[in-house]
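Labels A, B, C, D, E and F are assigned to the chains in the order they are written; within every chain, residues are numbered from 1.
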Amino acid sequence: MMRLPPDAPPEPDVAFIGVPLDIGTSNRPGARFGPRDVRAQSCLLRPYQMATGAAPFDDLVVADLGDVPINTFSLTASIDAIRDFYADRIPAATIPLSIGGDHTITYPILQALAARHGPVGLVHVDAHADVNDTMFGERVTHGTWLRRAIEEDLVDPARTVQIGLRGSGYSAQDFDWIAGLGALVVPAEECWHVSLAPLMASVRERLGPGPAYLSFDIDGLDPSVAPGTGTPEIAGLTGIQGVEIIRGCRGLDLVGADVVEVAPAYDPSGNTSLLAANLLFEQLCVLPGVAADGPDPGGRGSA
Amino acid sequence: MMRLPPDAPPEPDVAFIGVPLDIGTSNRPGARFGPRDVRAQSCLLRPYQMATGAAPFDDLVVADLGDVPINTFSLTASIDAIRDFYADRIPAATIPLSIGGDHTITYPILQALAARHGPVGLVHVDAHADVNDTMFGERVTHGTWLRRAIEEDLVDPARTVQIGLRGSGYSAQDFDWIAGLGALVVPAEECWHVSLAPLMASVRERLGPGPAYLSFDIDGLDPSVAPGTGTPEIAGLTGIQGVEIIRGCRGLDLVGADVVEVAPAYDPSGNTSLLAANLLFEQLCVLPGVAADGPDPGGRGSA
Amino acid sequence: MMRLPPDAPPEPDVAFIGVPLDIGTSNRPGARFGPRDVRAQSCLLRPYQMATGAAPFDDLVVADLGDVPINTFSLTASIDAIRDFYADRIPAATIPLSIGGDHTITYPILQALAARHGPVGLVHVDAHADVNDTMFGERVTHGTWLRRAIEEDLVDPARTVQIGLRGSGYSAQDFDWIAGLGALVVPAEECWHVSLAPLMASVRERLGPGPAYLSFDIDGLDPSVAPGTGTPEIAGLTGIQGVEIIRGCRGLDLVGADVVEVAPAYDPSGNTSLLAANLLFEQLCVLPGVAADGPDPGGRGSA
Amino acid sequence: MMRLPPDAPPEPDVAFIGVPLDIGTSNRPGARFGPRDVRAQSCLLRPYQMATGAAPFDDLVVADLGDVPINTFSLTASIDAIRDFYADRIPAATIPLSIGGDHTITYPILQALAARHGPVGLVHVDAHADVNDTMFGERVTHGTWLRRAIEEDLVDPARTVQIGLRGSGYSAQDFDWIAGLGALVVPAEECWHVSLAPLMASVRERLGPGPAYLSFDIDGLDPSVAPGTGTPEIAGLTGIQGVEIIRGCRGLDLVGADVVEVAPAYDPSGNTSLLAANLLFEQLCVLPGVAADGPDPGGRGSA
Amino acid sequence: MMRLPPDAPPEPDVAFIGVPLDIGTSNRPGARFGPRDVRAQSCLLRPYQMATGAAPFDDLVVADLGDVPINTFSLTASIDAIRDFYADRIPAATIPLSIGGDHTITYPILQALAARHGPVGLVHVDAHADVNDTMFGERVTHGTWLRRAIEEDLVDPARTVQIGLRGSGYSAQDFDWIAGLGALVVPAEECWHVSLAPLMASVRERLGPGPAYLSFDIDGLDPSVAPGTGTPEIAGLTGIQGVEIIRGCRGLDLVGADVVEVAPAYDPSGNTSLLAANLLFEQLCVLPGVAADGPDPGGRGSA
Amino acid sequence: MMRLPPDAPPEPDVAFIGVPLDIGTSNRPGARFGPRDVRAQSCLLRPYQMATGAAPFDDLVVADLGDVPINTFSLTASIDAIRDFYADRIPAATIPLSIGGDHTITYPILQALAARHGPVGLVHVDAHADVNDTMFGERVTHGTWLRRAIEEDLVDPARTVQIGLRGSGYSAQDFDWIAGLGALVVPAEECWHVSLAPLMASVRERLGPGPAYLSFDIDGLDPSVAPGTGTPEIAGLTGIQGVEIIRGCRGLDLVGADVVEVAPAYDPSGNTSLLAANLLFEQLCVLPGVAADGPDPGGRGSA
């Protein structure tokens, strides 16, 4: 990842981890090849963020810890394996940046992180709310993980913001449960045509100083920007808005982040994986400890 | 289509019909596979529209009547077959939602509908005006159908709005004929960077209470959003604007609608067909008789 | 190109030239097939620009002079061959519109043009500044050509504007050298969400009446719009903004222009080449001597 | 499938069933879309087999019973659902022709068939032996199903022939277990350059008159012929040999057959699915009750 | 084509002509882009045939006469245009090598050639017999052209050989009509596993010294070799056999030849068009007047 | 590569090295991504060769030494870098298995190997002879490397065999120079329809006991088998024949081998890279020191 050496230092500040799971997917599979392809495309990245002057590799020790070994035949066994990997193999002071894999992976990651940090605030970029109670009778899938995470006190709904929700749903009340718990739900329609920098100011205020997690489902973005994903929904966020959201997380106490649902087989150009690699780089650039050269790096839109 | 059962009810409120014609096409063929692929991708759709609360399958009886049998060797014979299918096989009270197929199909569909309803008002989303007099000497093609429809009093030009026209033309006067008849021509340039919700308010006013038809050529949208089409033109509408146009048709007395020019072979991701399936779902959600939960479902842009 | 006849007139006003070079590329090669594919896709273009009424083939004699013969094994030999072709084979009064090929080609083209016109002003659309001193020790590549062109007085940095720069860089100071020489650097962040028509007014003022060159790297646009390129960077300009930039060059004394870095292999839809063909047509429409029908053809955004 | 009407007769002689399972896959997923794409491509098939004169739709009542509902999150639940579907929904006298889906599906199908017919003889075309004991600790997967089927007396190993095995393995003894039970293992190397008609004569002799099942993993064929599959292996059977195998099964008492591991996403031409549709048609043509016009329809190779 | 200059000599010995027709196609369209793509891929061809020493450009004057202008909306008008182009624009002594386009084009080509030469003998490579009486009621299509050509005495059935026929048909008697007229029908099954050099010896004997035409439908070859076509059929000829057939035509009095049904959109590798370009080069190498260096250039198989 | 650990042992018996060069290519570039994609696809390989029982990882210490750093702008500088890497970084007793990259790379590899072993015998699989004197005036390219290697005594022409040559050439004498020096040239035509096991027996005899090198250009195989390459030629070797050639090298004193000209962009299925990974595994299995379980592992063809 990002041309990091294969020998990882023992206690890095930040660790990339691939989680090649896609059997938590109900529609198009293939996210199991997300980590491999995102790493391959990440070789285009250079070390400095031009817009903000961020130099994450100067400010932090960064490592690539490889992939979590997945049981491709059992979702429950894989979830356990992911949780154990994050609990046992990642030092407590290391911030994990995860490369999915379908969105189910965020659940066991949050299990491991909440054990260390308590319930986290959540910035959740997605086309889907992921708060179904069950899917085909299963309780932990890529469409139910967030309900489980809130039920188990891994995530604090009052410190949660969902951005980009849209499309058709199983009931007209799909978004109500989490909003009722105090989360801020920002459907895509509220994002159309505008910069998201102002929104992110209010997000930072809502989440405040506690531990926070940023989960970025690539299908939050429009399929024109990110065709290589399993459950695309039309009329989504632009790539620019995706970057604005991440840059707007600067100042949060991020204890982890991810980019998920990258399914390279549906994008022969390779650009969805390249996008995901860049989004992970943008995440890296806003982690605590990375300096930036100005108070407002978000561009004109944030003026 | 949209997981509808194969057994259609005898008198549905709404009928999906596939029209796999593409020999009315001058450039890249392949729209004959539009209906098949749009149906396949439509399996991703769920029954509720989250932004507006529309529940079309609760409010209306919807059926899929299959494909019109096309003579792939004769454009004129196919046009007759389409007109006869709509006139004979679709009950008078049923609103047809058609899946193209190239844009020629709208002409025989309008022949059948105008026989029932008289001349219709038209909301026409397209990169091209489709008002050439002839192409290669032929009078009915995907580039001339609208001129024929107006000449034959199928469409009322004073109740017609064209949105998204752009690109290069055969003469600098290509758009003048229809404007001279009272139609409102909105070139893509007037749509750049803005919400189309205000435009749609004026569209609803212009069309008023009479019968109306919504014809949505997928090439009205930018090729980045809809690569799988036969005659793409750069700098077009966004997918968001496409949705705004359709949602802005709520309140019109729609007697039919279509999405045309979907040519799946040019989009290996499958996302153009998925987009078309969603646009058809959005059309379904604004038909007369489908309730929505607020006066202004268009999102922030329409505020 | 654009259905021009194979027999070129001896002294055309404008000449299309293909430059199928891609060994100046550091990442994904394939731009050598840009000219061939752009020509093929250009058959969709019709002779009139609908938004502005420009009729370039009425106002100018336009020819296609074919491709520069490239030595695919030697970058330095190819650079010499390009310079010699432009110096020897293109009449002094002919404006060359070049189809790349990688961005290295602009350097020898500018050598030939500056010998005729003196240093030129430059409108440079790109994701990258292209002002590295060397790459892998080489002094003329697709990432260094502009530094060489300024050092050799081919380009006047005070009359230079760069639009669309973004992404990650080799140092946080990558953009400083050229800005220090008086160039205007407009990073992509300043372009997000807005029309570029106002920017282009200031560009026209800055460049003034002297000879000017427009170099359009297709990777200045977002990968969703132009996936078929070698070094894509996320969160770039829209296709609309690309058109606004070119239309905003009307009034400059353009002595040449190009569209470069089109690598068709990474876009199976063919749409990146179609986009490039359209951008070349837009360039043609703003050349000196082509009339337009209004003072403000840029669309609503320029109002 | 093959343009069959959606209304299935209650007791067809033959039934096509789609089994869109792919979570039994260890490498590239995507076979869940096999049934959908094979059905779409099957519209190219016409009713008569030219080489043999077989007219299966004249001789048999054929139906398409749709897809088995799969739980995409649980392999074990899906296996149960498949077995129950075949046991409960398919009449006892109906021969099922199944469209995979990954090879795991053959296990529950055989559970249902063996309950009716007792242990079956097996013609198994595949690149892989599928007799691993476990994979990632799981006992029923696409690489273990045959071991389970033999252990549970669903398949008679002495009446089993495996054709096309090749490639690399987890141990040098991978093929020994089943050979030790009396099965005939025909590695691909023994098939190179020759007609398989003579082999099939010996296969018919080995299986004799008892109930038989034909399981055709599309990866038994060379990746040049069938690129759209999850675990391709080089130097495999030709498409011609695939047809020879199926035609060579004429005379067996086939009680079921399948074509599995078709993953359309890896073949943008659509031809792997078309191939699978044809192989299913060839299977249909050799079922008991379908007449053929000569003793030796296998072509010159079988002379 | 093959880097020929755009200025054609007035009376070439051989002329390449593109015929971009595909509205005679019943299944997948796209062959209209065959000529363009075959020409583009033909730039890989060098002037000497290594296996036979043929040097066609030394022995013959070869020209590319461009494309026949097609009416994309009317099959009958296009057929007339093709016939007229061949009758009027091609000198009587010039041998046309045509690049399709769908197989319908061979009918008007043969009309023009038979007017000059009388009925021709025919070597017809194809998966399909193309002797249906009508399709959708039309008398001239890509599936009926040969019946028409025989009925109109353009082709002498007793001097006709069809090679590669296979697949499913509309009746079990599809191949009988033409065989009853004396044609030799060689189904693909008779070609499996063997060199076709012996067959071609008997073909040369059957056709004898009169005028002959070679019509090569690319779908005669297996889809693995030629995926980019509209009506692929499995278990077809190998590319090697295709070359053997053409080389085996050396000695015939060929008055024309074609390669048809190349539909590039279904082969993103470009290799089907490259194959077609090579087959046209092989055709060129066996025309009367091109020397070869040995009595038997067909390779080992012909020994 | 093949799941080898990133920490290479200091003196491995065998080393995989990637050489991502493609600026020695005259036609389609992209082989620079060969090493990356071949490594990715090689994760499908398991440790045992089923046909021969070879267990290379049991018998040899194998390492992946990563990629040679290439100067993408200078062919001559890159050639020097490759030679120096092989001379300086690879221990004298280590056998390099190289992953191309275009065929130019074999020249500097042979420079390094001949310095250790003296002139080597050569088994050269290719569609092209690669013995041009110059291309565009350059002396070392992918079409001239072998002439240079023979001129510089790196390769012994009397111990050289070329297999698979075919297609069109720049002169009818293209193959004569090397044959005149005593090499055995086996054109593809001599390979059609037959097993190459007998040929390989004579190859082993010709090369005898001295040091030998196996250079496998993937374009030696037919484009249907290996579409992802830069200069495909029709009617080539089958994948089976490719394997027969490599297995037939068992017994030679191989001091190195390569697979070159893999250009993944032209094969969206990924199968060309998978093929190359398998061919490298087959090469590994026949290196000196790897046991096999029988005297004749080549399959029926070699009987």
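Keep this in mind: contacts are C-beta pairs under 8 Å (C-beta built on N, C-alpha and C of every residue); 3 or more make two chains touch, one makes a residue touch a chain.
The shown structure was predicted, so the numbers you read here are calculated from the model rather than taken from an experiment.
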Maximum centroid distance from subunit C, chain identifier (CA atoms): D
Homomeric contact subunit B-subunit C: same or different residue positions, threshold half: different
Subunit C and subunit F, separation of their C-alpha mean positions in angstrom: 41
Separation of subunit B from subunit D, taking each centre as the mean of its C-alpha atoms, in whole Å: 43
Averaged-CA centre spacing for the pair subunit E and subunit D, given as whole angstrom: 37
Subunit D: positions in contact with at least two other chains: 193-194, 222, 224, 266, 268
Each pair of chains that touches, named by its two labels: A-B, A-C, A-D, A-F, B-C, B-D, B-E, C-E, C-F, D-E, D-F, E-F
Touch list for subunit E against partner subunit D, complex: 27, 165-172, 174-175, 187-194, 222-224, 227-228, 231-236, 266-268
Subunit B partner contacts - residues on subunit D that touch it in the complex: 6-7, 36, 40, 268
In the complex with subunit F, residue positions of subunit C that touch it: 22-26, 28-30, 32-33, 71-75, 77, 135-138, 141, 265-266, 268
Subunit A partner contacts - residues on subunit B that touch it in the complex: 44-51, 53, 55, 193-195, 222, 224-225, 239-240, 242-244, 268-271, 274-275, 278-279, 281, 293, 298-301
